[in-house]
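Read from first to last, the chains carry the letters A, B, C and D; within each, the first residue is number 1.
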Amino acid sequence: MSRSDYGIVAEFASANGLLAATRAARDAGYRRLDAFAPFPLADVSVVLGHRTAVVPLIAATAAVVGGGLSYLAQYWMNAVDYPLNVGGRPLHSWPAFIPATIIVSALWLAAAAFLTMLFKCGLPRFSHPMFDVPGFERASDERFFLWVSSEDPAYEPRDVAALLQRQGAVAITRLEVTR
Amino acid sequence: MTDSRVERSATEAARIPLSPRYGRGWLAALIASVLMVLVLAYVIAELVVAGIGIWGTNIPFVWGFDLSNYVWWIGLANGCSLFAAILVLRRHSLRTAINRFAEGLALFAVICAAIFPLFHLGRPWLFYWTFPYPATFQVWPQFRSPLTWDFWAIITHLIVTTMLWYVGLLPDLATLRDRARTPVARRVFGSFALGWRSSVRHWAFHQRAYRLVAIAVIPLALVIQSTVAFEFAITLVPSWHETRLPLHYVVSGLESGLGLILLAAAALRGSLRGIDRFIDDEDMNLIGKLLLANALVACLVYAGEVASALLAGPLMVEAILNRLVGHYAGLYWGAIALSVLLPQALWSSRMRRSNPAGILIGLGVIAGIWLDRLSIIVGGMQRDYLPSTWRIYAPTQPEWALFLGSIGLFAAMFLLLMRFLPVVSMSETRHDEYREASS
Amino acid sequence: MVQLFRPQADTAFRLWVIASAVVVIIVLGAGYIYVRSDAFWRVGATAPMQPIPFRHDLHVAGVGIACAFCHSTAERAAHAGMPTAHACLTCHSQILQGATVMEPLRTSAALGTPIAWTSVTRLPNFAYFHHGVHIRSGVTCETCHGRVDQMRETEKVHTMSMAWCLDCHRNPAPNAVRTEPEGSAVEGSRDSLKVSEIFAAPLTNCSVCHR
Amino acid sequence: MTGEEDDGRPSDVTGSGPCETRLWRSLEELAGSEEVRRFGGAEFPEAATPETIDRRALLNLMTASLALGGLTGCAVNRQPWGAPLLAQPRLAPQHTPGVPLIFATSLELDGLGRGVLVRSHDGRPVKIDGNPLHPASLGGTDVFMQAEVLSLYDPDRSTVPMAGGMRRSWDDASLYVTQLSHQFQANAGRGLHILLEPCASPTRDRLIALARQTLPEARWYFHAPLTDGNTHVATARVFGRPLDPVLDLMQADVILTLGGDPLGAGAGHIRYAADYAQRRHARDRPLPRLYSAETSPSLTGARADHRLALPPREIEALARQVLDLVRNAAPPPAAPQSLAAIIAGDLRRAGAGGLVVPGREQAADVQAIAHAINVELGAVNRTVRYVEPIIQASTDQSSSLLALAEAIGRGVVDTLLILGGNPAYDAPGDLEFADLIGRVPSSLHLSYYFDETSRVCRWHLPARHALESWGDLRAFDGTAGLRQPVTVPLVEAMTAEDVLAQLVGEAGDGHAHVQATWREVWGEEFDARWPTALEDGVIAGSAAPAASLAAPVGWSPPPAGPPVAAGYSMVVFAPDPSVWDGRFANNGWLQELPKPFTKQVWGNAALMASDTASALGLATGDIATFTHGGRTIEAPIWIMPGHAPDAVTMTLGYGRRAAGRQGSQRGFDAYPLRSSRELWALAGVTIAANGRRDALISTQHHHGMEGRDIVRVVPATGPVNWPVEPRRSMYPDYVYDGNAWGMSIDLDLCLGCNACVVACQAENNVPIVGPDEVAQGREMHWLRIDRYFAGVPDAPETYFQPVPCMHCEKAPCEVVCPVNATVHSSEGLNEMTYNRCVGTRTCSNNCPYKVRRFNWFNYNQKPPAAPDAVQNPEVTVRWRGVVEKCTYCVHRISTARIAAKMEGRPIRDGEVMTACQQACPTRAIVFGNINDPDSAVYRCRENPRSYELLKDLNTRPRTTYLARIAGLGRGSVGGTR
């Protein structure tokens, strides 16, 4: 039961403050950062270099796989496993198998996108050190936070705090977690 | 449950969901709709016990209210979700105002729609036979049948619409969690928020996923509307056997969806204090214009219906004429009046901005499309190939009860939504405010 | 702000997700296996009670009575036929005549009322089966009923599910043994029957069994 | 005796000549068989002597399974171990459990016999078909023969004797009867009056004769509402003594019918229809020309080349003109010819090949004129032969109901025995007969139901059903046939013969009485002839010979009566096509059977022409009040295209008050309006609308073909040339080698008689749904007969088109089924697997022929469902929520396939007969393998008249139609085909 340093969290009043601080932190050589804002901040993402292209990639693959499976299943069941003469139509009536195929691939697409998001965000995660930050509940309302990880190679609590102070943080917390 | 935070918050968004005190009106409405849900439950029990003979259906009218209500509900659902998805993709400002409840409406409509194909079965307890599972009698579903497509359509629609709605809702759930007063509420919202920390990283992936689900919804809505149309178009019934039917269903489906959105928006503005800050006149104006445009397209489709039928040979001519002047002509002209003529009122911007007008026109359009469905299905079946089999169909009390019950279910779910969840997206609103501020 | 959930919550949640996934898989899998299991189809089960403690093993293996002697219409009719009290009494008017277990038999003979045996292999009413044509096609009794001659109490030896029927109807050759059960009514005409005639008939048509 | 043989009767059987392969048996014969003697010798004391194993014992053996309710074919069995396996105490010889036996017996209509074959499963009669050897059937049936088996199991039938409304034991009852016989044998029968239904039963006649001797003072009366026609009066006028005409339509080149319905109704109509059909399609003979003058549409009129809708008085006028024109051989006057002249001309040209047939409801004069014309043409003994009355008993007036009424009025009737019949209901209204019976001190009624008459009599005895009893009946042509029980009596009951025998003190049961009768006839030949007769159901060569006619002098009719005053309106009475005279009122199959012209079910209506109706300010469904001589009834109106003006047709037999749960309070009762003096046509009835309406239930609501290609008609002369467009399909065709089943329905032969509809219902366990469900459009008939009117409303052409499942090779219904419940068999059957159906009904929706039916409720369990006992164990009994339809009697195909397989041979043509095909009197329906060039159905499909219904849809129906041949032009020469 030892308490260990988790990093420094600074609270900002404005999105721009956060953006500036993030830039500064990056320039100061910090790499293990995360920013928190009540709405998407594209430019901050850019600064932090998030790569999300994987989501559509996986989704697209899933769509293709799901559709393919659906079509094959229909073909196998109606034309291979129990072939029946249905209204004199060919056993492999491909046009009739299309609609279900499209629908199922759409299902896989959506599901894959959703699950990938959760996975890449590490959700669900009900308990997280960030929730210990005083006033962090306002991160979902109108406040902005920047967190510098203690794991960062360049991590030095005093420097970090100073840097963030300079960026006009309204509050600075040293976050500790129990391990 | 959230008022305490309002004054602490600087943003407009903080005032969502607003009007802490939902008055007697809301409660009365809820009670009324719950009663209707009870009626629904009763009729369904009766159906399962006695059999669908309690309906007015017969040969040749094997379908009546059951399928027309299904088609109507699924049309509403597709209309709403399609519209919502497009807004998400276009990142249109309207989305902040509309998406949240539009997605909700879509979801509720699908749930209502699902009731009908399930309980219209002669043996509803065997519905799972349409699902391909390895049975010991080794018989599979028959995938050439639009009804099997429909099975997939409904399931998928249910799941994907839920995801679209939920993904959009996720950040707001976090907000509700962080604002919630009672520990129970906090925990409940907390669990549904999945530990969302509004990290910029979360946001990045969230935006991607949201847009991808929206992308999935668009083809889905179109294909499902078409599938529903195929259920009729691939049969030999003279006035159904048309390639234009999917188009007809997509257009009129979207129109009914817009009608519902207009209705809901106007109703919200009329009932929730202060919401017109988020669903403002400009939004209403836009919806009105869209609905008007859609009504004009629908008008074109109706014209096409008559034209193509007249070109299609004697049987089709007889069938369409029967719908225009026959026993069920009232349904057809009612549909025209309500879904084409009534929306013309939206040419005037005063109408577009007025809540009562919005409610009336929204209701009118929805009713119009309902009549259109009934006219197509019932009126269409009336002139079949052998005159000896021609008959009349009239719905019975249980059919009406089932229909009204499904509306009650829909209303109940919507009332609960507006009570416990933000009816417009907080995060989107914040986002917009930020953009406006920064620009 | 305060933590809503303890760190264990996450572990608990992940475990719950995995667990429920496992449960679902187990339930489905178990269901899949169960509906194919002998228990589900009462295979190996014997009738709870029969009017007379009849023993096939004694009569067939012991005394050497052929199936067709008692089930006399199996080779020509849909029903295999149950032995009449009259038939039983050909022997049992001497053997065991006084025995109490034979009471139902005597009652039946005297009053002319049928004896109601509990049926061990019974198809649902929408499935129509014809013993005669199966035997004629070379399907022996034990193919479906097992070694009844060794059974103390008669029991079901196959599921008799539709899948089980289909296996044979899709490929009858293995089970259509070209030997005739004893006491066959169709001995002479055996050669005149070409295999093609047996298998030409489309055995997987629904109406072969369902009318 | 194996199952498949019961349908195996060669399709080309014509009653002429004995049937080569005889497939049905008499229990008698079984009982007498060596086998029985053998186990007579077995160790059962009670079986020691062969007699003890008589037919009753055998029936008991076979029926035992019924006792334990081991009925198959009921809904899915839910017991864990299924239904028990029943081990019978002993097998009936030659009876294999589960394999049906066929017995020949006779059923009665209008007191005349019609031979039938009864198929019984394990002692349980489930299906009735025609007896090919019987001249009144030739293997064909009508709706009444088909439906008789349902009446057998009627839960509403009378089961116990009643006296003064109290249930009594049979001991009391027989005691009462014995007392009667003692009492009257003591006083020679004074005060004993006996009312019987006229019935051509030699045994009954023998017993009556016996009784007349032993009880000389007893008085005998005969009454049936429909047989009291003017036939005998008319023949007496022309030939000096009452005679019965027997037609030979094979010989008739030109036929004129004056009312009546020789092809569609009556005891001989099946034979007449068969003859007419055979003649129509005899290649070497010219097409017969049929003129029909009638008041209300009949099946004969619908079939006629020329149909004249005339009120009764004009029919008489026409008859008189024709007689004159036929008599004085003056050259026909110059054009424009009167119709009478044209008809007379045709008849003269036909000479001995001409024939005039009067309906029994026509006035004596009209009928006499008709016979006179036949004499004039020299048609006697060619197209018609006159025989001594088949039903002797009822010829003289002193035995009429009227006489009985007067007797009761005079108070001379101490004891009234009513053996059969239901006079309290169906006696003419003016007699007030129910009240009269009440005045009789001691009265007894023997009847199948506890009906209107039973209620007003002191005593009621339950009567046996025809299928439970012994007897014998003469057919319309005098041919005698035996009646034998085909099941053990389901309730303890008596027959009229039993009662008579008791009265005269003749010992023995029905069996003995019948044997006694024929011992008298056959003498020592008896032992030789009895078994055959019993097995055939027909006594060979017993047809009545032509009566020797003292060369009839040219009889002239009395001058026509005065023209009727204005404001004249006439009501014509007719038997009902569904319930006949009311005796079938409680039979669900018949009640739910759409009447040929109106398609009305579960009720009747007063038919009139549209002009008449509009003159009276009435519309279909309006209830009108009909008043005559102080008697008033109310009846709903039905506007009937093709009905004669100034007349109303009322069908009898409805408005029953005590028919049973299904038959009571349906339709209106026309008997009260009937007058004992004018039985058939009542002049001067006042008709007034009373403002109320009745929801008449019908199964067809549109009557025109809307110019669509539905029923095709080809000219009588000249070739058929239809454009043959090549078949095109996007899909490759499936190959149907082996058997490919198909059906052909000849619309030229179809009379619309409905026999096929009931046959299908009986064979396939088609449920009865009841009036409310039919009103909602949910009738379940797998085979329906569509009726279309074409041409002018006043004198329309009427077309009948039986519509079973078409078994389309490109079946639209199959493609839309989500669960593979309906698919195609490799023999081209459109199969319906009930136990897979989830009930989306989308198949029915996609069937352009609308032949698919849906079980909206659990019809087979809720009244008026047919009892389980009558369900065919070969066919699944359907349950709620599944779709069903015509299967081409697939169970019969399976049975035939199995038989063929077991004998290692292919299925023969004609081996599989569908129920509808087997029932059809005119052989309009042909079924078989369309791949086999030698099959009858193949030939039909090659016929140039062959066409597919809704061909444009390219559904490739396996059921095809042969176009109807248009009527011959007036007086033109007959074409041939």
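By definition in this document, contacts are C-beta pairs under 8 Å (C-beta built on N, C-alpha and C of every residue); 3 or more make two chains touch, one makes a residue touch a chain.
All figures in this text were calculated on a predicted structure; none of them were measured in a lab.
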item	value
Comparison of B-D and B-C by number of C-beta pairs in contact, larger one	B-D
Chain located farthest away, centre of chain A as origin (C-alpha)	D
Approximate Å spacing (C-alpha centroids) for the pair chain A, chain C	59
Chain B and chain C, separation of their C-alpha mean positions in angstrom	53
Separation of chain C from chain D, taking each centre as the mean of its C-alpha atoms, in whole Å	45
For chain C, residues that touch 2 or more chains besides their own	1, 4-5, 10
Overlap residues in chain D, where contacts from two or more other chains coincide	812, 814-815, 817, 820, 823, 825-826, 836
Residues of chain A whose C-beta touches two or more other chains	82, 84, 86-87, 89, 124-127, 131, 137
Sites on chain B touched by chain C in the complex	134, 136-139, 177-178, 186-187, 190, 195
Touching residues on chain D, where the partner in the complex is chain B	700-706, 708, 710, 773, 776-778, 784, 786-788, 801, 803, 812, 814-820, 823, 836-842, 844-846, 848-850, 852-858, 880-883, 950, 953
Chain C to chain D touching residues, read off their complex	42, 47-48, 73, 76-79, 81-86, 89, 93, 108-109, 111-120, 122-126, 128, 130, 132-133, 136-137, 186, 189, 192-194, 197-198, 200-202, 205-208, 210-211
Contacting residues of chain A [partner chain C, same complex]	124-127, 131-137
Chain A contact footprint on chain D (complex, rising order)	729, 731-734, 808-815, 817, 820, 823-826, 956
